[in-house]
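Just below sit the structures, each encoded as structure tokens.
In the two complexes below, chain A is the common chain; its partner is chain B in one and chain C in the other.
Right, the complex of A and B next:
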């Protein structure tokens, strides 16, 4: 993306109507980035099972959000889903994995351990207290482990951030990390409705009037 | 500065004798910690000759969280929830192991309701764990459909647990002296529906996967370990039973209400990956049988015999108790000094001991065989590192 993000904007801005063209190009690029995230399978402990339930399994299907192509190699992925505890011995390996990923790259930290150390925040001599000590995190998903729905909520939050945030005029601009907590009192039905709305508003294909399968 | 880990590996390279007569060169390959088929952050250093595995050096510690040491400072009651995070696919059975050790130390008599519900829920989780294993086993061998099928049916049991327990994975349901809550009113009916649903599905599993010629070729006579060696390496559970030794704590030292129910212990003959596969598939059938015998007559009674929130102070001494989880023997050892915190707590976890049998299974095979072997012993890495 070096050519488009670095060299093209100043060239085009000189022409009449250039800024308007750039803005629409922005939205197209951000739309493409947000709707085809390729997650890296990085599961260290318990949260990995719930992420597997969310990502691979048929009941909660991650493919609806365009993020189902899970890759074990960091060079082919652009979303690091950090599922599980990070201990001091794993710390340099995680940093290496993050460095090997190509730009633009995003990080979702799921579970209490990746946020603050979780159950191991006190009296543990080997746990790293939160992923932010090693790599920049975009979205935190709380839970121990988070439900698949909570993970989806985090993913939708990240997609929203990508659509609004990063532009080709200001590449690599990162916002502050967001805590994607399911709001209290929110029922699963409301969450499903919001997900369907979100899917419909950003999709290129038309949905049928009555969504049959629902969630 | 020389990395001590690398320098020790270099020493191994220099010391390792070249056994092949052809003009080949031995080399080392790192498998893990970031690898899709090591089921977590297990790292294996392989000494290879071409594509043949000569030797394996497991390197542990990438998810060592110090649970044993932490147990000494949080106390008995709070400690139980940490055992969920050991072997997260058998979290209820780990809870049971610790609770049983504390109950044994304090001479707490449980009523029949607690024992029966514990047995039913533990067997449900054994099925759940084997379902996940079956799905991941298929995916490691290159078949994606089992993954979808296994997880689809796992979700049914997860829904039953969620209703009664309130959690999906790390349950923390069994406490010393009973259970956190009584079972949900719909529990019995839901479990019956599940048994009705899952019986034909098990046959579908067999039709889909077991008869496949590729699966048979990749599993038969791969990773053979005989009973004596498996015993000597400390393997338990399906790994040991597949080698022909019918060692199952549910039969030998019955706990819960296993002495009252009829079930068989499936054993293998050869001790290869195929036998381990078959043993687990038959174990699911046996677990269904056990649940069927118990689900209709759960006795009445309280779900907790201790006062809720009471301090746990076992008498001074050393105590050990063990149960059979889906992967083998889970033992809890603790030393009490009459305070409400253990002086020392140690877990004998099945995965740590099962792992070492790989040293005998894999040499001589290919890397692809190693993937099948690792999957067939069903490793859970946080359980090894604790």
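Right, the complex of A and C next:
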């Protein structure tokens, strides 16, 4: 990306129509990035089980959003799903894992523990109070543990953020961390509709109106 | 052997042993001075044959100034289980190590030493297991405090 971000903008902007070309290139790159998030398998406690339900189980099928290829190596991953309690001894390892991931990298912190220390915030000798103390977080998903739907909502929020986020001219410029809180009163039907809409507007294949399997 | 018979026979091994009533499984309290010899009997006696030490834990009782050590035994040949509670003083928690009888207890005892500060006599390698070697204090004691910890405000 260094070549593209450093050398392309000045080269192309000189041509007539160059800025417009850059903008459409941005949307292509961001579309590609947001639709092929490869998560790193990283889970430390109970929330990890919940994320496994969301990511690994057929019922929820993370593959629809291009994020099903969980990699065991940080060098091949670009999404760190921080699921679970972080203790002080985990802190340097987490930092190392994050540093080893290639840019651009994104972090979703799921669960009360990764947000603030959660149930272990008081009277704990070892729990780190929030992932933000160690690494920058893009999306927070609240819950203890969050439901798979909530995790999906976080993932969709992250995809939205990536599409509107970085551009070639301003690399590394991101939105502030987002709390992917399911809005109150949101029903499963609405969430399903939003997912279908999302899939249709950003994919090259056609989808039927109705989901064939379960949610 | 029924639960009652087992408790009767175990309590007959020595004086000072009592049955703990509030428990959903056979449980006896053993005085710490007699614990090692009773443990030997529990393992080798034909009636008991407790060849498996499935768990070892500790509870801090600050009001009573005691630390309670809890042992879970299971007999793979006879299929019965037994819980043993041994109380040691909080100021000077010393208990016999069961390493010679059930080798699994080496790491279990290291963990309890790490988090509660119970010292096991005749343990081959009593070092901290989870925390750093230079850690001060024993964090699972109820009165433990350090600089990192946030006090609960209510």
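The rule we apply is simple: the second predicted complex is superposed on the first by the 211 of 215 C-alpha atoms of A that agree within 3 Å, B and C clash if a C-alpha of one lies under 4 Å from a C-alpha of the other, contacts with A are read in each partner's own complex, and residues count from 1 in each chain.
Everything below uses one rule, namely that a residue touches a chain if its C-beta (ideal position, glycine included) is under 8 Å from a C-beta of that chain, and two chains touch if they have at least 3 such contacts.
Quick caveat, the model's predicted, so the values are computed rather than measured.
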Go through the superposed model and pick first if A:196 touches only chain B, second if only chain C, both, or neither. neither
Kindly classify A:72 by the partners it touches after superposition: chain B alone (first), chain C alone (second), both, or neither? first
Per residue count on chain A, the busier partner among chain B and chain C is B
Based on the superposed arrangement, let me know which partner A:93 touches: chain B (first), chain C (second), both, or neither?
first
**OP:** Please work out whether A:125 is in contact with chain B alone, chain C alone, both, or neither, and reply first, second, both or neither.
**Re:** both
On chain A, the footprints of chain B and chain C overlap at residues 89, 122-126
Given the complex, residues on chain C that touch chain A span 130, 139, 144, 146, 148-153
In the complex, chain A touches chain C at residues 88-89, 121-126, 129
Given the complex, residues on chain A that touch chain B span 41-46, 48-50, 52-53, 56-59, 72, 74, 84-85, 87, 89-90, 93, 97, 119-120, 122-127, 144-145, 147
Residue set of chain B touching chain A in the complex reads 33-36, 40-41, 61-66, 69-70, 73-74, 81-82, 84-85, 88-89, 132, 147-148, 151-152, 154-155, 158, 168-170, 381-382
